[in-house]
């Protein structure tokens, strides 16, 4: 937010991207897949953070935006036979339209009502997927066939099922969204969003139409989440209704709380950390939701600023 | 069967649903009304009641009525104790901040659900009803136990209403709901009231579950539908309004039974959820509530 | 000359209470107008109606001749009505710089240019003497400085009408003197509507004074005339010298 040290902030983010790039050469193949998945889900978390962290709007329904991207892209490939870029665009478009509609409705409420309303709209979305099982595959989901997951430019074509290609695609999307987030947060629009979070009434009295600003934030956030969903469908080849369930509305909240709300790199760290915790504990218990539940409670009780939020408070005030 | 008897059957089934729903939703509504806490784990207290009822009845054995009566007393007490501990350890430390408590109760939901899965297992298990008398109507026979659920729920609702309006405990609760700081100044221990209300809310859900478990079954995921329906009831009835909650529960319970005869359950849920979300967006005080405070 | 601000029969009820009761009020451009009156007289409600923070029950508000009664607050701010809060409500977690940058970036036609924003912010901070504290979080500023920051934010909106709601409340005497100078300075470029309890400040600054009592205008006139008005003394000055 502050004017100080833009160079440091950009250096840090480019450094993080470079590190992830180098890791693709060092990591064994199994971790390629894991890290690619984490980067795609971190995009989901970054989209969530846009709204929750910077505008202070706590949604319990972001699974519908992820789902809009997932099904928008998945259905376009499977049912309509669209190419990969067109399907990705379809996913983005579905997310943008859905978030615009949801924003127009849900932003009439605030606080607890906003949380419940977003949860209910997401539930409607989820049930609709089950209801229209003839197209969506219901709770079985759909597999995107391998021949459809090829990105072709003229003569050359990239097979998205190849681990290296998949990793690079996930990293590209992640980097792009990270830099977009950083730019938004540092822009004058980002300053207005934070002002709305801190005191909406005061922001209005500085001449800002807070409703339109919040609506724009919902659409940006929803579209980023849809990008994550669309990428998930195309890179990992599975489109399932569980990704639209309540649980996938809670997970990005958890990742963002853990990594640090309103920090640009927090969503990645939160997603990575949670994935790791579940991976380690899976040796002892299959009940990973238990870990999620305990983590949620411990975070709100003792660690509400999350990892990067605490680091920023103690040591690195310039962290964006 | 002709239309008349058919409708009577649907109405009776709907009233049973309403009876259980009213108790469950009342618990949610009390907790929200007094503490301003949206308890997302409410459905899990319901589930816990049912699972405990199974555990207690199968441990006691003998005549089904014996085990059932024991479950009706013990299961709500255990659930209430769990709720008190959760309130002490988590909600109180969060200062009842509305948003933080929602996140925390989501955490509780996962914890309770997963513990039930671990210790109780994924099976659905039946509990034998305390008696199996069938009332013979001219057109069909109907379970006497189901009718007794309606009666039991009505008694409990009236009792709760009397406690809230006629006793000192009720007065203290209403004072705390109206203005917790002033209540504190008058020597009311707000912390204890909140602990008690949270336990009472959970116990109402547990009682409802014990009542329903002989005609449905105990399962670790059974808390989800009651949670959604309770939300719907509380929102339609007006957040925190007791009378509205009961009226809405009857309305939703009856229409749920009748609607599910004509539509697929999924479509019914889609329509109901969408309508309720719209109520919350355009009429946040509920359909029956007056302007919000 | 068109009045800058006119209200006609402006009323606002809270339940059974008529907080503002059919007020007809006129403010000419360039004035410094003080609004005084006992607590609960409806002063803050009146300026809240003018700024659009609350809706009137009846009546009309005209700004520079145009009816603005139905406009939302943020549009009024854009038209040039700035309001500084009675209870300091700066953005405590943002730096003083960011607090002022918010109004500056909106009023600038080329708010995209970082240099223009910086220049605008620093000029507002310098006018209020806060330039040295630009990067402190606003919540860590002293109370007096937070009040100044409120004014800096109001100034940065480049208002035609600046409404100050009890700006000197809680300030030390030395700070008040600076404040009076600052308001004089502001009045060169904007019309000022000031709610104030501190009578020496009012007498010092105001061109005209409007006295509210029980939601109505009790008296209006030059400071000397108000000082000598028997009804005013009875309602107000007599109880609080």
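Chains: A, B and C, in written order; residue numbering restarts at 1 for each.
Here is the rule we go by: a contact is a pair of C-beta atoms (placed from the backbone, for glycine too) under 8 Å apart; a residue touches a chain by one contact, two chains touch by 3 or more.
Here the structure is a predicted model, which means the values were calculated and not measured.
Of all chains, C has its CA centroid at the greatest distance from the CA centroid of chain B.
Chain pair with the larger contact count among A-C and A-B is A-B, by C-beta pairs in contact. Chain A has its Cα centroid nearest to the centroid of all protein Cα atoms in the structure. Centroids of chain B and chain C (each the mean of its C-alpha atoms) stand 52 Å apart. Rounded to a whole number, the gap between the C-alpha centres of chain A and chain C is 43 angstrom. The centroid of the Cα atoms in chain A and the matching centroid in chain B are 34 Å apart. By the touch rule above, chain A contacts chain B in their complex via residues 58, 60, 105-106, 108-109, 111-113, 115-117, 120-121, 123-124, 127-128, 130-131, 250, 253, 257, 285, 287, 289-290, 292-297, 299-301, 304. If you check the complex, the residues on chain C that touch chain A are 51, 53, 72-74, 77-78, 82-83, 85, 89-95, 97-98, 101-103, 105-107, 111-112, 114, 117-118, 135, 153, 157. Taken in their complex, chain B has these residues touching chain A: 38, 90, 93-94, 98-100, 102-104, 106-111, 113-115, 117-118, 228, 231, 235, 264, 266-267, 269-270, 273-274, 276-278, 280-282, 284.
The residues of chain A lying in touch with chain C in their complex are 1-4, 188, 191-192, 194-195, 198-199, 201-210.
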